[in-house]
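We call the chains A, B, C and D, going by the order they appear; numbering starts again at 1 in every chain.
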Amino acid sequence: MTSATAITSAPLSVEAVLRAVEGPGAGAVATFVGLVRDHNVGRKVLWLDYEAYEPLAEKALGIIIAEAEARWAGARMAIHHRTGRLEIGEASVVIAVATPHRADAFAACRYAIERIKQIVPIWKHEHFEGGEVWIEGATADAHDEAAREAALKIACA
Amino acid sequence: MTSATAITSAPLSVEAVLRAVEGPGAGAVATFVGLVRDHNVGRKVLWLDYEAYEPLAEKALGIIIAEAEARWAGARMAIHHRTGRLEIGEASVVIAVATPHRADAFAACRYAIERIKQIVPIWKHEHFEGGEVWIEGATADAHDEAAREAALKIACA
Amino acid sequence: MRVNVKLFARLRELVGQGELTLDAPGATTVADVWAALVAAHPAADAYARSMSCAVNLNYARMTTTVADGDEVAFLPPVSGGSGAAAR
Amino acid sequence: MRVNVKLFARLRELVGQGELTLDAPGATTVADVWAALVAAHPAADAYARSMSCAVNLNYARMTTTVADGDEVAFLPPVSGGSGAAAR
């Protein structure tokens, strides 16, 4: 059994995240792996640097897991997120969720990635051919209920 | 690179299925793992026996992959399904799909599991406390467009 | 005409074998093969309304034509995929 | 009052450091700490409207009270998760 949450500069292991959600009652496991893409909005990406506010980021992953496990009965979720320099094709985030039934596994997994992009204090510094740019998405606020509702709506569509 | 489709009595490996969808352009990988549950409609399950019409089942997985790759641009999908006796907690099916963007990965993965349950000639013999029963779901017909539309609707909801 | 019939799961159990060679004189379609199977093994009739079929590893209809030596498979409703209930 | 300020990503670069001890006499809220930061490092003002904050590893508001020795983090809009564009 590995840890349910991790913020780490080491390469991620899908198997490790899967082990963290093992247990009785599961009938379905959905996983999501985010990869560093070779292109972004027309730019040829060379590599990404992920910077994290590590202790709050790890806590935020725990908040997301608690939200999901409260919303989907019997769900067990784990999320590992990588930091530092990542090459094209490497995994930046791995989510796994085990549930009794498959519809919930897909919904909870989708919810988690949407929430990660909303609240987890991690920043992506894109190095592309010809320059570099900090990618900025959502203003992070774990207490923003409207954001949470938006993530739920995407997950349960 | 492992095979995109497999019908096998050997334990399934998520890593092997993931390797089969590796390649350029991917930004997201969704996977689904179906597990043998300890309970089914109130019965305590002891183990399952999966029987397959192997050559048609492997062909059917290929049909599903072709359908998904045609529907979701840039998708790469692999599906491995196990046969024989499976104990509680073991994986019966592993699906992986890599796409440029995450919404498509979730949709294509959900589509695949719905289609598997519709058309792949595999049968589940449930051995539970007090008896055994063949589980019967959909009448398998790969040409049934209404079934295909239903799977698409669930996937793209 | 002679065809190789494949049966699976509970249909296989009802008939008592998963593979048999069936003499079906005058048969031209899958429906004719099924009729010959039911004549020889009346228990198979339980699947008359729920089975589907394949000929030489292609999904087929009851109206699909068959030829001597074809492999004709009759498929009870399938249940592959996850071990979980459908929802 | 003295607080430990943490800055990240482009905000860190604009200020030129990721961690600093800030003297903010009379400060009682996160807003006061931010004002002291911008006074010392005007470039930080670029994030006045888009940053969020945390106090002692709890997500906070600009109105959250701070005490001597607190760790106050200012967070530019986040972009963790997948390397793919948002869709």
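Methods note: a residue touches a chain if its C-beta (ideal position, glycine included) is under 8 Å from a C-beta of that chain, and two chains touch if they have at least 3 such contacts.
Fair warning: this is a prediction, and the values are worked out from it, not measured in the lab.
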| item | value |
| --- | --- |
| Between B-C and B-D, the pair joined by more C-beta contacts | B-C |
| Euclidean distance of C-alpha centroids - chain A vs chain C, Å | 47 |
| Chain B and chain C: spacing of chain centres that average the CA atoms, whole Å | 24 |
| Approximate Å spacing (C-alpha centroids) for the pair chain C, chain D | 70 |
| Per-residue overlap in chain B, given as positions that touch at least 2 other chains | 27-28, 32, 34-37, 100, 102, 113 |
| Touching two or more other chains - residues of chain C | 82-85 |
| Chain contact graph, described as a line, ring, star, complete graph or other shape | other |
| All pairs of touching chains, each written as two labels joined by a dash | A-B, A-C, A-D, B-C, B-D |
| Residues on chain A engaged by chain C in the complex (per definition of touch) | 27-28, 100-103 |
| Chain B-facing residues of chain A, complex | 14-15, 18, 22, 24-39, 89, 98, 100, 102, 105-106, 109-110, 113, 157 |
| Residues of chain C touching chain A in the complex | 82-85, 87 |
| Chain B-touching residues of chain C, taken from the complex the two chains share | 6, 8-10, 12-13, 50-52, 54, 57, 59, 61, 73, 75-86 |
| Chain A residues within the chain D interface of the complex | 32, 34-37, 40-41, 45, 48, 50-53, 55-57, 59, 81, 86, 92-93, 113, 116-125, 134-143 |
